[in-house]
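Okay, so subunit A shows up in both of these, paired with subunit B first and subunit C after.
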Partner chain A sequence: MLTAGAVILALAFAGLYSVGVLGLLSESWTTAHWRYVLFESGVWSALGFSLALTLVTLGLATVAALATVLIVDMRVRRGPFAVLVYAPLAVPGIVAALLSYQILGDAGLLSRMAHAVGWIRSPAEFPALVFDRLGVGIILTHFAMITPFFVILFDRLFENERVAELRQLAYTLGATRMQALSRVVLPLLLVRALPVCAVYGVVLMGAFEVPLLIGARYPTMISVEIYSRFASYDLTARPQAYAMATLYLLLVLAAWSVALRWRPRPAQTPR
Partner chain B sequence: MVSGVAVASAAGANAAVIRAGSTSLLCVLIAVPLVLLLLLSVTRHWSYPGLWPDALQWSQWRVMLSGDRGLLDALVSSLLIAVIVAVGATTAGFLTSQRIAGHRRRGVLLMLALLPFAISPVVLGVTLNYGFIRLQLAASLWGVILAQFLFAYAYAVLLLSGFWNTRIAALSELAESIGADRFQIWWRVRLPLAAGLLGVSLFQTFLISWFDFALARLIGAGRVQTLPLLVFDYFGSGDFRLAAACGVLLVGLPLAAVLLNRRLLAWPLTAASSRV
Partner chain C sequence: MIEMPRLLSAAALTVLLLACSPSSDDSTVDPRSLDWPEIVKAARGETVYFVMWTGDPAINRYMREFVVPHLHKRHGITLEIVPGQADIPSMLMTEIEAGQTVSSMDMVWINGQVFYQLRQIDALYGPFTSKLPNDLFVDWDNPMIAIDFQQRVNGYESPWGNVQLLLITDTERVAHLPRTPRALAEWIHAHPGRFTIDSEFTGLSFLKSLMYAFADSPQELQGSFDRNVYNKLKNRVFEWVRGVRADLWREGRTFPKDVSQLHQLFANGEVDFTMSFNDGEVDNKVAVGLFPKTARAYALKTGTLQNTHYLGIVARSAHKPAAMVVANFLISPEAQLEKLKPEVWGDGTVLAMERLPAPWRSRFRNVPGRSRAPERDALQLFARPEPAPQYMIRLDEDFRNEIVRQ
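Entry: the complex of A and B
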């Protein structure tokens, strides 16, 4: 297969480069770059930071999308919202980052609104929402980008799984609103949406444009960490980028192979 | 009894008001960033703490469209790359998905096809860079096309694999039984039936290329200029008006297509919700 072959080729190139077998400045086989990456570089904090931001973003987007589908209900499918909900899907990450800077920055739209209502007197008083060490700007931008996707997904699931009818049946059998929500609606929607959420999680882990443009210098997400070493003026740092990329590739391949083994099996029909 | 009905109808009215209010708020939240992007692209001066620009002007659009800023070059190369990637990936993806659909290890093959998505464009771009340099594909248009093709092709295979069901197989067998050869089965039976889905695949693979930043930057190495790279360059140099103008061009085309035909983006979601 072409795509799997390209990934294996990429892994081979990166692995050989990281141990000094390939590369313009390589002299001989060495494990120095791997030792640096594993014990001294910021690769583990970058991986942890990426994972944390991914989980927070996915969690917030799931809650917001579920709330939207449950509150707005049928309006997801008609009226202006039915059209507008697709609009964010046509915005690429690079433009989303530009807009986030213009909205969340210390001289951005929110800061101007806060000034207009008298909450702040200068841009310096506005809390740092971009280039911040907690990654708030990155989370909010990714949240705005993926929540409409989740709204459409949950709405389709709501319809295809006949959740409204099942909820009504639960009411008829004496369930309260909270019981119908927690025991019928949420389990049905969340279980069915899990594979798509997992794929989105992997995509968010490797996000690049948004953290590159509005993320802090430290901590950074793993893609930015790899890229900054790769694009560094110091060419001796390039094998470290390849070692990090190899490590990331191996981790993802391991997760992917686990996902391959753990594919949901079709439900058994009772005899 | 009457008061019970009145309470129920008041609760219903409250719920309707909450629904209408929430919907309006969400519409505003979605529309504001898009309006801001458009506004920034025609802003002359916007001083703090003004909520509205001090002055508007069209000159950045005139400057950009005159070709002085290399925007036309970037627009043309973005379009060229995206069209080649979309047509190539959809054609190859259609043929590959048919072979995968008939394979007994269909699920495993699909997971392998999707592998590039798991790795992220920037990591694959960095790791494949050495190979592209050796093959003299780095810093070239064809190098960027090939790199983007890997992702677009993987997506097309996944998207189009949903087409090959028992009905298509039965119709192909029927055509064969009345004397159609392989070419006629593809041309007269499968292609017309898949036309709608192929359109969705063309649009979505076009978007994968149109929106790509990481591969164009890493493999293009500054020699291949595309619209996302221009947005990044203007952003980095602090010229947000020109960045916004490029952003409008970047968003305008897919936005217009999606608003005219939501199916172009909704189809994979509908498929995912019924298949998962």
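Entry: the complex of A and C
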């Protein structure tokens, strides 16, 4: 109730600010800021870019985590190897971004290694992995940050859903390795993991530090776009930041309510 | 259970009440009604929260090792440095909108268009500068000090340093310095990927310097904002940028976020030029080992911007007497001389030499000269005043829309 109240309060404040009802420099009620945001600003490209980066990161993390859980033996997964895999979970976003810059940047570790072995002649020849328009640096950083969590998630699901036993049962009933994987293992794990993936998706969509520190000036992720409007030289542009924030929040809430209503189709019981 | 529409109305009402709550300053006595000894006495034991850009280790060291101990020892004032700068107007605006009667900050470092913004939201205390004893030494006759972005200072901010925008290059890598926009464009074409500008304050200031280069007369950029002049010059500048864009760093597809990142690229050898809105910075950066010893700073013959950065006291500050004592110390000959030393900060003084007592005058003249930037007198020929703040505000928006996003 408290959380919902805070969200409603924030939404009301942002909404009123965006139409000029509130705000130190607002003169009167206006839809000008909304018209600017909807039709002239970069909000849609920022939303599209955020969504694309989120989906790619989630996809890569899911594949990597599933591969780890299905390929690496459980005793190894939970042994000393685990410390290495799970270490990135303890790294804050701002530190992860700086580490990425040190590793992936033009004059970073990878570039220097490539130069040392003679693959490139100068740092400029190293492919742009940070401050790049495709968001490769952002994707790789978020991938490194969230994959350990996904490994833990699938590892627990693998055990709780008794996937190993069910896979064995499928083999006994004559399923091939591919059939057991695609019809038993993956559906079980993915359907159960979906709500958590959705939550992580929302978190990634709204990520701030990493895209701010190693993202290109354009395109930008939505949170950076909102912030740049908020901290603009033009103080009268602040209502545009609130309009963007309101729009983003409404879209996330709408997507969230659709996701909450969605239920996986129950498995058909054999007759 | 509360119905949703009622909850929404309650929330909106709360917001409105918050936004409309009184915002007047409730701090006690206005220090302007006190004598200076009374102000100094009232300041003792106070803590001043000073919001300033903390992106340069040399400046931070000057504050930490020179200013903070002196203030504490002489006046019993604790100076707390809070990081921030371009976002100061935004932060103060939020405080005012929230109805906060006492600000979390007391003093602010004002640079660029910030003075215009702070006056726009009436967030500055003043006029106060004539109360400061050391104000007598300030070179108020210099229009580049008395006028900030075409707006008269009128005692609402105390000048702290005067600087000029310069290009910095490595003479080992660039033998013949390109001194005009045309020569620079030719150099960029001949050396693809070795030049760029940042997309914030310093880069935009460079573009404003190009506006002077492409203006029919420097007078066009004086006075209040003129939309027609802006559009004409912006188009000429952007035409220059588009002309060289394909040969900029990363083919001009992206730009460094700020000048610190550009410095980093220059120091790493990824580009051959950086720039600074502090003509003394090159010596400092060489002294700390960031730039190569062969680095040199120079101005374009077509002119570069010169401006002054200032200290302001927040209207809702609860420690105005202490903030005034801090401002007075920072424009003292002693603090200005220390700041001028290239190995300390290399920041130009705002004091008029002819107003200083003779011993101080000679000390200022005997500061070891900078070796990698032209002397200030020589630079004055190429100095151009800041145009009205709207030029920066519009250029920021248009650069983002017409260049960065294309």
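Following the convention adopted for this analysis, the second predicted complex is superposed on the first by the 254 of 271 C-alpha atoms of A that agree within 3 Å, B and C clash if a C-alpha of one lies under 4 Å from a C-alpha of the other, contacts with A are read in each partner's own complex, and residues count from 1 in each chain.
Just so we're on the same page, a residue touches a chain if its C-beta (ideal position, glycine included) is under 8 Å from a C-beta of that chain, and two chains touch if they have at least 3 such contacts.
Predicted model only: the values in this text are computed from it and were never measured.
Ranking subunit B and subunit C by residues of subunit A touched puts B first.
When the shared chain is aligned, subunit B comes close enough to touch A:84, but subunit C does not. Residue contacts after overlaying the shared chain place A:248 against subunit B, while subunit C stays out of touching range.
Within the superposed three-chain model, A:3 lies in touch with subunit B and out of touch with subunit C [touch as defined at top].
In the superposition on chain A, A:192 contacts subunit B only, with no contact to subunit C. Within the superposed three-chain model, A:107 lies in touch with subunit B and with subunit C [touch as defined at top]. When the shared chain is aligned, subunit C comes close enough to touch A:42, but subunit B does not.
Of the two partner chains placed by superposition, only subunit C is touched by A:128; subunit B is not.
Of the two partner chains, both subunit B and subunit C are touched by A:230.
Applying the stated contact rule after C-alpha superposition, one finds that A:218 touches subunit C and leaves subunit B untouched.
Counting contacts by the rule stated earlier, residues 9, 13, 22-23, 107, 123, 230 of subunit A appear in both its interface with subunit B and its interface with subunit C. Contact residues of subunit A toward subunit B in the complex are 1-4, 6-7, 9-11, 13-14, 17, 22-23, 68, 71-73, 75, 79-95, 97-99, 101-103, 107, 109, 111-113, 115-116, 123, 144, 148-149, 152-153, 156-157, 160, 192-196, 199, 202-203, 205-209, 213, 222-223, 226-227, 230, 241-242, 245-246, 248-249, 252-253, 255-256, 259-260, 263.
Put simply, subunit B touches subunit A in their complex at residues 18-19, 22-23, 26-27, 30-34, 36-37, 40, 48-51, 107-109, 111-124, 126-131, 150, 153-154, 157, 207, 210-211, 213-214, 218, 228, 231-232, 235, 240, 243-244, 247, 250-251, 254-255, 257-259, 262, 265-266, 269-270, 272-274, 276.
Residues of subunit A touching subunit C in their complex: 5, 8-9, 12-13, 16, 21-25, 42, 106-107, 123-124, 128, 131-133, 216-219, 230-235, 237-238.
Those residues of subunit C lying in contact with subunit A across their complex are 7-8, 11-12, 14-16, 19, 86-87, 89-90, 93, 96-97, 113, 117, 120-121, 193, 199, 249-250, 253-257, 265, 268-270, 389, 392-393, 396-397, 400, 404-405.
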